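In what follows, structures are represented as structure tokens.
Next, two complexes with chain A in common: one pairs it with chain B, the other with chain C.
Moving on to the complex of A and B:
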């Protein structure tokens, strides 16, 4: 089976260029330079149709940036995306547009992701009207009603503005807007992080229903490990722009291989280990402006050796479907 | 699994953003007072030809015998001059209302034209980015580093007198304020998630700029617009007072104040003071309305 989406050696760098004054100051010896953030560093992975892939990592590890590159909001600095086996950049203009619509995004903050000056019906129907997927007032109106019902909103409210809805309802509007262009792939960027726990469950169920009804594939970006364990088929762990481990969800939670994954999973509070003292991972996540040499995790890793400080490990297969990037996988054992 | 779906209930009260805005605006007594004052000023100015006892531009109605009458004195032709008359026998009440017409028209016209030009330039700068943006914005900075009155003064000195010329001078000296406001707001809005969503949905750049970003820049724009109209009116009065603005045949408030200035020391205060008060009332009420608009439209000040 061809993967629905393949991410091939994708990097995303943000460079803050110096302006004229900065250049002069730098020439005169001021301690400023062009700053480049390696938000995503040479990431490759593939996602099968109908799969839910979780992307987990600390804040600032580049998971949202990777999501935005996948959704076509940021062009990658290097590497490319393949949709159904074809590089998106090689498609004709029309197919490329369709490919971009095929991948839609659900955002974290439902209040800033909806245009406050537009009515819900316009928010939902704008893109399909622009892309000539619907036409005429009555067809558009039926289309909007249908979508609102699909995401669990009462179509009576379609003439309202976003601020008149609760957080969970706004997130449903955001989902309806994404579904309006008939995507096959949804990137959910912390899509439930800003919601109440009870509402989170409703939205997660909605995602599950939509997956079944519409055959959607998800890239589910989150830092909430219990949610990820609950809804994903596979999980990729990201650290400072790189994927450090990727495996089926059950494997990663039962037998994590990478020291970072282990440290991360140890911090999940569990009912059966209530008395346990938590040992936070040593140190802070390093600045992506100045990533450490070699393995990005070595300054915080208890098993780090000189090899880790000099060479970056590659992702290697541990078991079928389970890959981790660490120099000491054998010695660390299971 | 459709039974897990919850059709959310309809909230009890549906307020449109405009109704909400109106309710908040009317909370402030000062702002309402200023708005009413401004309304009265505008209505009086608009109705001037029908409610004034004299057309101060019609030389047949102006009698030199009535010159420099103090407030309340009866004119030669029978009506009472409640605000007195000026050096050539014009009834000051009539002259002020006619002057307000010109001042308001010049202020609003230049404000609206500058708003359109500034909005377009600012949005264009934010839209193209890069070198063009830097170039445009440095030019804006350059212009804003000169006092607006100096720019207008130089232009009027070059162009000469006349309503069209003074509007042009005011537009040139004020568009940069709008451009800077729009560009700054647009840059903030451009990084919000709803714009990313619009990019993701494949909407055209022009549509994103004009349909998504511009409507969200309107708040600051309205505020700057109101304040700039007030400053255009006072700038025009300044230029006219200095004798480089409007000609004597089209007396705006500034011209009236200038005319009365020579009589100030001889005790005939009313010729300058009443037009001055009218100008003050207009400018202050516009500014108060503008200030309160800013408070209401600024989401960070929301309770």
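Moving on to the complex of A and C:
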């Protein structure tokens, strides 16, 4: 089976250009350089049709940037994306447009990603009208009704504005908008993080239903490990722009191999863990402007050696489908 | 056990142009020395306003309209503003969700910490500075001497929150109210902060009210849990009982909707509908319209019932034998 989406050696760098004063100062010998953030650093992975891949990491690790690259919002600085085995850049203009529609994104904050001056029906129908997927008032109206029902909203409310809805309902509008162009692949960037607990469960169930009904594939970006464990088939753990471990969900939660994954899993608050004394992981995620040499995780890793300080480890297969990047996988054991 | 805080029938209402919002409507809290109470609820349930009311930080159009707050046996309702200033930051301290909001961006950390000490105690600058440094060390800040000289913007979010916690602990208060202190932080930082807070309450005997929307976090730190819904405490009891054997359908639903390892891939239990409009609360039990156990009597507001383990406000509680699937 060909993967629906293949990410091949994708990097994304952001450079802060010097302003005029900075350029002059640099010319005069001041110690000012252009600053580059390696938000995503040589990431490769593939996603099969119908799969839910979780992308997990702390804030600032580059998971949202990778999501945006996948959704076509940022062009990658290096590397390519393949859709159904063909590089997206090699597609004809027409196919490329279709490819862009195939991958849609759902954002974290539904109130800032919906235009407050547009009615819900216009928000949902704008893209399909532009792409001539629907035409005529009655067809558009039926189309919007149908989508709203699909995401659990009452079509009676389609003449309303976003501010007249609650947070959970707004997120449903965002989902309906993404679904309007009949995508096959959804990038959900912290799509439930801003919602209340009882509403979260409603939206998680909706994602599961849509996956079954429409055969969708998801890239599910989240920092919430218990949600990721619930909804995904496979999980990729990201640290400072690199993937440190990727494995089927059951494997990663039962036998994590990378020290960072292990630390992360220990820290997740769980209902069945009460008042226990755990020793938290040391320190914080370093600045991506000035990442540590070698393995990015070594300053916080209890097992770090000189090798880790000098050489960056590569992702290597530990079991079929389970890859981790650490120099000490053998010695650390399972 | 000495009782530090006793709140009975606390009511805080907001008199807005659109009507009266009963943000807190008859809340009871009792807290002993060194105890941690988890106050759980969704946004708009009144949990933060409860915290602000205890600190007497309610602004117009809000007003405490009823109830009694007694702190170490002293009634707080009659206190003058000067007496409050003496109390706040000294005997009762607060930690807020966003440390950027509580720290002054134009003052160095040491200035802010020394100010907090000298406001309540006659000590020399050097002694105050030493105490500030020691407290920073206690909350797990590496190289506290250098951090003292930093401005808030030079620290990361997790560090800033630690500084805010250090300031709260500076005068060894009897009570700390922590309002969603880890919500804006990453999981690894969150567990570090919970770890430090737990250690400090144990060391100093400070009682704490930990306000959060995250049941899993609260389960990890609290001795007792109060669950709030629409301005009222709907269930209260020791953590183990509330988490393992909730009696109120709302608590039961909340716990069921938290994803966990054993429910993987299965449909999550969901509470339908959304939190009620506080201006137009449903008659009777506020949770009634969303409740799948609602019966006819729910049209009348339920009182607090008491079982041998916990208290709950429900006419048709979840039977004791029914446990939450985890």
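Keep in mind that, in the parts below, the second predicted complex is superposed on the first by the 324 of 334 C-alpha atoms of A that agree within 3 Å, B and C clash if a C-alpha of one lies under 4 Å from a C-alpha of the other, contacts with A are read in each partner's own complex, and residues count from 1 in each chain.
Keep this in mind: a contact is a pair of C-beta atoms (placed from the backbone, for glycine too) under 8 Å apart; a residue touches a chain by one contact, two chains touch by 3 or more.
Keep in mind that this is a model prediction, so the values were computed, not measured.
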item: Fit or clash - chain C, chain B, common chain A; value: fit
item: Which superposed partner A:29 touches (first chain B, second chain C, both, neither); value: neither
item: Touching partner for A:114 - first (chain B), second (chain C), both, neither; value: first
item: Touching partner for A:181 - first (chain B), second (chain C), both, neither; value: first
item: Touching partner for A:197 - first (chain B), second (chain C), both, neither; value: second
item: First, second, both or neither for A:75, with chain B first and chain C second; value: neither
item: A:160 touches, of chain B and chain C: first, second, both or neither?; value: first
item: Computed vertex angle (chain A) for partners chain B and chain C, CA, steps of 10°; value: 80
item: Touched partner set for A:58, first chain B, second chain C, both or neither; value: second
item: Touching partner for A:227 - first (chain B), second (chain C), both, neither; value: second
item: Partner chain in contact with A:263 - chain B first, chain C second, else both or neither; value: second
item: Lowest inter-chain C-alpha distance for chain C and chain B in the superposed arrangement, angstrom; value: 6
item: Doubly contacted chain A residues - partners chain C and chain B; value: 166, 168-169, 202, 205, 208
item: Chain B residues within the chain A interface of the complex; value: 1-2, 4-11, 14-17, 134, 192-194, 196-204, 207, 211-212, 215-216
item: Residues of chain A defined as touching chain C within the complex; value: 58-59, 166, 168-169, 196-202, 204-205, 208, 223, 225-227, 229-231, 249, 253, 263-264, 266-281, 284-285
item: Residues of chain A defined as touching chain B within the complex; value: 19, 68, 71-73, 97, 100-101, 103-105, 107-109, 112-118, 126-127, 130-131, 149, 152-154, 156-157, 160-161, 163-166, 168-169, 172, 174, 177-178, 181, 202, 205-206, 208-209, 212
item: Residue numbers on chain C that touch chain A, as the complex places them; value: 42-43, 156, 158-159, 186-192, 194-195, 198, 213-217, 219-221, 223, 239-240, 243, 253-261, 263-265, 267-272, 274-275, 326
